[in-house]
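Report on one structure; see the data block that follows.
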């Protein structure tokens, strides 16, 4: 569960609430009722479902439990919009979320308004533990903002019309970044995990604890599309020796030959994004690659993926200032990384696969109650990603953040940064 | 392909066109954009897709081929809305029809209006062969009207809210029909197949041909829900001896225990329909049963299913006057069949499974060209259904009509009438 | 169930029993314990299982029910070796038959000897109804003899070593048969079904009944491998217009490009058989094709498949003298069909697909009791094959015989003969 | 790849070779040809395949590459018996290993003798790098000895006769072990990984490296069957809150209610083993549980699984003297762990699941060449198990050994020991 270092009361929760909730609606504004309803695969959820689920979170864990007299908007919604909280009772099956043509998008907007009114009225009177749940709910909603974008992108990619959700100006040609530089990392005992410097952390980021780093270096920037094309052209997808065994089986079964959304045409490679189909920009970080692909690339390059501890330790000196780019530009945007001696693009471009399995930090304890199902139960079979992508909301990136996905998944904005032993 | 006995010119095609096209829109009127977009299973199609596909049929086979200068509404639509005409080139994969959140329902309505304007202008000048294609297109659209209703019903059934598409008054309790009477059928050589008395027939209904009937009788009415409940209560779904081998495997794999959409509750059986969830009416014909179930019921009752020839031969004396009931009442509606000596409810209640495989009539020849893919290529693995259901448009029922589905399918309004050897 | 026209007593059941049982063992003689144990696919059964199951049939339906004091060889065998008789209680799951490494092949041979001793002792005293069951059991065993061969062939085909079970001399080059001749068939009312001229018929062959034949002709011989190669070379497997819709889906999903067991090499086509991998002989009837392929070929050739009635009516004048070829030669063997005016190769080469669904004859009644499960319950989704193949035992072929398989199955010796409307 | 601390020459390779190879044959002695041929699931391999594959390893990596003039026994075998070495070329598909009824078990025994003769002749002359490959091959064969036993056990468990492979005396009732004691582990910086004290280690055990241990304790013995029954009776398999999310999905999809091979009967729980079906002995360590089950049990018990480093660090003081029990007794055997202050049953009872994902040690480098595919490519999605089971050959257990399986797999002898934070 969430932990809030500073008492939530010291944060302006009212403003924060309004901002986060407002961003969700802004992101969903271009969606039609149908766009917001269809589920493109079991891994994804409809946008309407995201918008409702994050509201149910507030309704269930704050309003129902902490605001006497709160009348739920619709008693069916607890069943429809619970995601996976077993303790909260039975729920609509995940792969069937796309069957919910009713309630309509308009009704979900009314639901959100209902919850917002009740929470705005209640917020000043909430006790600290309930305020902490509101803060948790806002970070939860920020996670779903990113998922909503990537899920919509996946849906639209399956439409032969390949519609653009947002207009993005065709990016100016960016100069290609120069060669990789290697930045030596700390060695010996270091501390990682939530350091209390941000006002919030999920339970899985705790406790802060010591670990050992062995001699290593990290690349100063992520791998680019241009470098990925070289991997393709060198036969990277056809050389079993580069791949994890599970990855090789996946490549063959799914006939993988390039990152998700890429297509080879007469004019070279194109990719699909929220701005429609555009040429692949060699100066942008590669995105939409799986852990398997990232791992194979690293082996091809004579390197490896960083461990979570290496990445997090290195990130302690890098402020996540770059922020996300939900600003109409291409996502992720091309960058001419300066090639200096500092780590760049650690935040706001692509989530970076690490070679670390998503397992509990030493001494981890899940939160009590239903919100304790938030993280701990997913700790098998997945890998940790660090940083944050062009679709990650501002204020939702920090060194200790642990994103996690299965090694074959790649509909998120996922890329990689190389590491090597020294 | 279609054959039109009377020259189509003698039919008022303009009026017919307007009526049929108008009914499609009236049926779709209560649908939201999302309702019209989602595909609930590979067997079903979105309502929006039905509305577009039937228009593409006119655009492709009439306007493109027979109306010089016709400008297609959108060149992508041929790819999106071709159903299965291999000769018309590649097309959007059937199980992915539900991904088409764009074009919107409004855009499809505009597409329909575009086609309607062009066809209304062209109709008076069309040559007879093109007029025949218009007539075929109208019968094609009538088929899709029924499919659209059953597909929407299936979609809404998967929503835990079980929304009603139409309001239907709760049916007055109908008196239960009396016991079955047996009506002896013709024997010896009879003729079946299109007899030229209706103004239209699909190619698979031809040629008219002789066949032999052996001594038999048909029940005077379909099996009712009340009778089906007796089958359930007698353990019909648990007795392997009653079932075809494939049917028994299906019952066990799918855990079938009742007709589709039925649920057992504290108050007895209910069923879902376009009017929402309502108690099962024992006086209504049973519907939404598969061939496997119909066959097992017949064996349980010491009877069998009619052959297509028995049914069609018997129907020659029964005018399809009852018509369909797209009138806001329950579908199918309860009836107190009079128990006289005549066959009743042959049309307009439920499609009746026959024991005949859907194979070509002797001497069958498929039509030339793409429209020749209409029927012939489906002639394996399916069974013939006769009559017409409460969702079949008026004017779309006749003795020689051959509906066909796989033996496990049951999301159509499918029931049964018993037959026996004499 | 079986019907025996002549009282079984008039047949020398003792001799017949010894011959049939002995042939099973002779056919299985070259099999190792492992060869006889492995199940290559759910459709197939291990040879050991066949050998045991046919013995269980005698043990269960004759010895247990009609021979007081009979002690079963092993009480577990009823569970292990019941095939699909629901009335006989639970049984080992079909796809798990290959897990039965115990009992060993030697133990099954001992089981057979135990049953044979008991039956030999009992046979003279059996009442006619029990004798009829013995006769049924022998025909049942003959069916399994053919299945055992085709199942072993399938198993060995999956071994990269492609071992030959039997040595067969490389066939002398046979002269290619000349072009097809068309033999006009009867028209109007004909009778088909068991005519009482053979001493045995399965229940599904009854009753004899009238049907109508429309003007038609049959090809004087089956389609050859040479003709099939022309179909392949003309792109037959790639032209959707030739295929039933289900067949086209099958061709694409399974990437079918030739008959089962064929492989294209530098030296042309080869096929695998019980005699190992050999060149495809253009003079032999094509075998191991599915109904879908047979139907597509017929459409490509401007013809169609015969109906069951057409085939059976034509066969009434052809004695099944050719018999099967379990004699060490290639199977089916090349033949220079004489090109005369008579139908040739109706028996003993390949089972011939008809265009008739396997459904009951008018007036069909399944036998009482467990043996009534023999045929009737399989009457959905399958097509009728007529004649008999090179692997069909002598004495097991007659005009009214109804073999049946699903339209995609092709591991039997299945080919085709063309028909056309006149 | 293997590393051998002591020069292999100092080991009596000739004796070692004879012993290891002889044990494989002794273990396989009770198998029939069929027992040795059938593959019970894709995860398992036929015993015959194991016997041949380990010989192919010697033939390929030693005899072919290092012994001039060696004539392979059969050139097909490289294709048939390569397991997963992509660098060694194409190979027979893993799920089809059970189709290889030929070569027979006798032929495989002849193959083994051929390899043994050649290797015995060559061994004295081999250079150290080739000797290292022999040593690697022997450890490789020991791994397959255990797999062969567990695969055969799985196969026999699917036979309704539940045959026993070995006779084992019914174990005397063992006194139930007393309650768990907690043994505090080391804290702070420790070293794990191959320490050079054994004469062999696989590449994945290297390099030795520092890691940090946090305050913790380990249970002095594994969890017993008796304790597991308490977990079952407390509803452990039905309480979602105890399970990892993937584990809960697995429990529900597979309807898991007890360890593999357990069955509840009138007389209580029984389990199937190589000695047939026997009552579950409450004093024996629980075996055949998945990581998911082990993890759920630990959560139920208010504890957790050890990390690999905790286990390995603790094991440094425990000599693997207990050894395996391939001696005809029950496997694993019941033990009355003395309840003293020392860790017991660390080796020779059950492989113990750890909570550590199987990922490379810091600084890991895979061996060069095909043998480099041995371990590294499996480093995703699997968990580490430590110790060794009753089926692990003597001489094949050491602290740094890293066994690994997917979290749902449980046909190995897999159990657990609890850990907790202090």
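To keep things simple, chains are lettered A, B, C and D as they appear, and every chain counts its residues starting from 1.
The rule is short, and it goes like this: a contact is a pair of C-beta atoms (placed from the backbone, for glycine too) under 8 Å apart; a residue touches a chain by one contact, two chains touch by 3 or more.
Remember, it's a predicted structure, so these values are computed and weren't measured experimentally.
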Legend entry - Path length in the contact graph (subunit A to subunit C, fewest steps): 2
Inset, instruction - Determine, using the mean of C-alpha atoms as each chain's centre, which chain is farthest from subunit A. - result: C
Inset, instruction - Give, as an integer number of Å, the spacing between the C-alpha centres of subunit C and subunit B. - result: 38
Inset, instruction - For subunit C and subunit D, let me know how many angstrom lie between their CA-based centres, rounded off. - result: 47
Legend entry - subunit C, residues touching no fewer than two other chains: none
Legend entry - List of subunit B residues in touch with subunit A within their complex: 32-38, 40, 76, 79-80, 92, 96, 98-105, 155-156, 158-161, 163
Inset, instruction - Using the touch definition up top, name the residues of subunit A that touch subunit D in the complex. - result: 84, 86-87, 189, 209-212, 214, 240-241, 243-248, 291-292, 295, 307, 355-357, 359-360, 362-363, 373, 377-381, 383, 407, 421
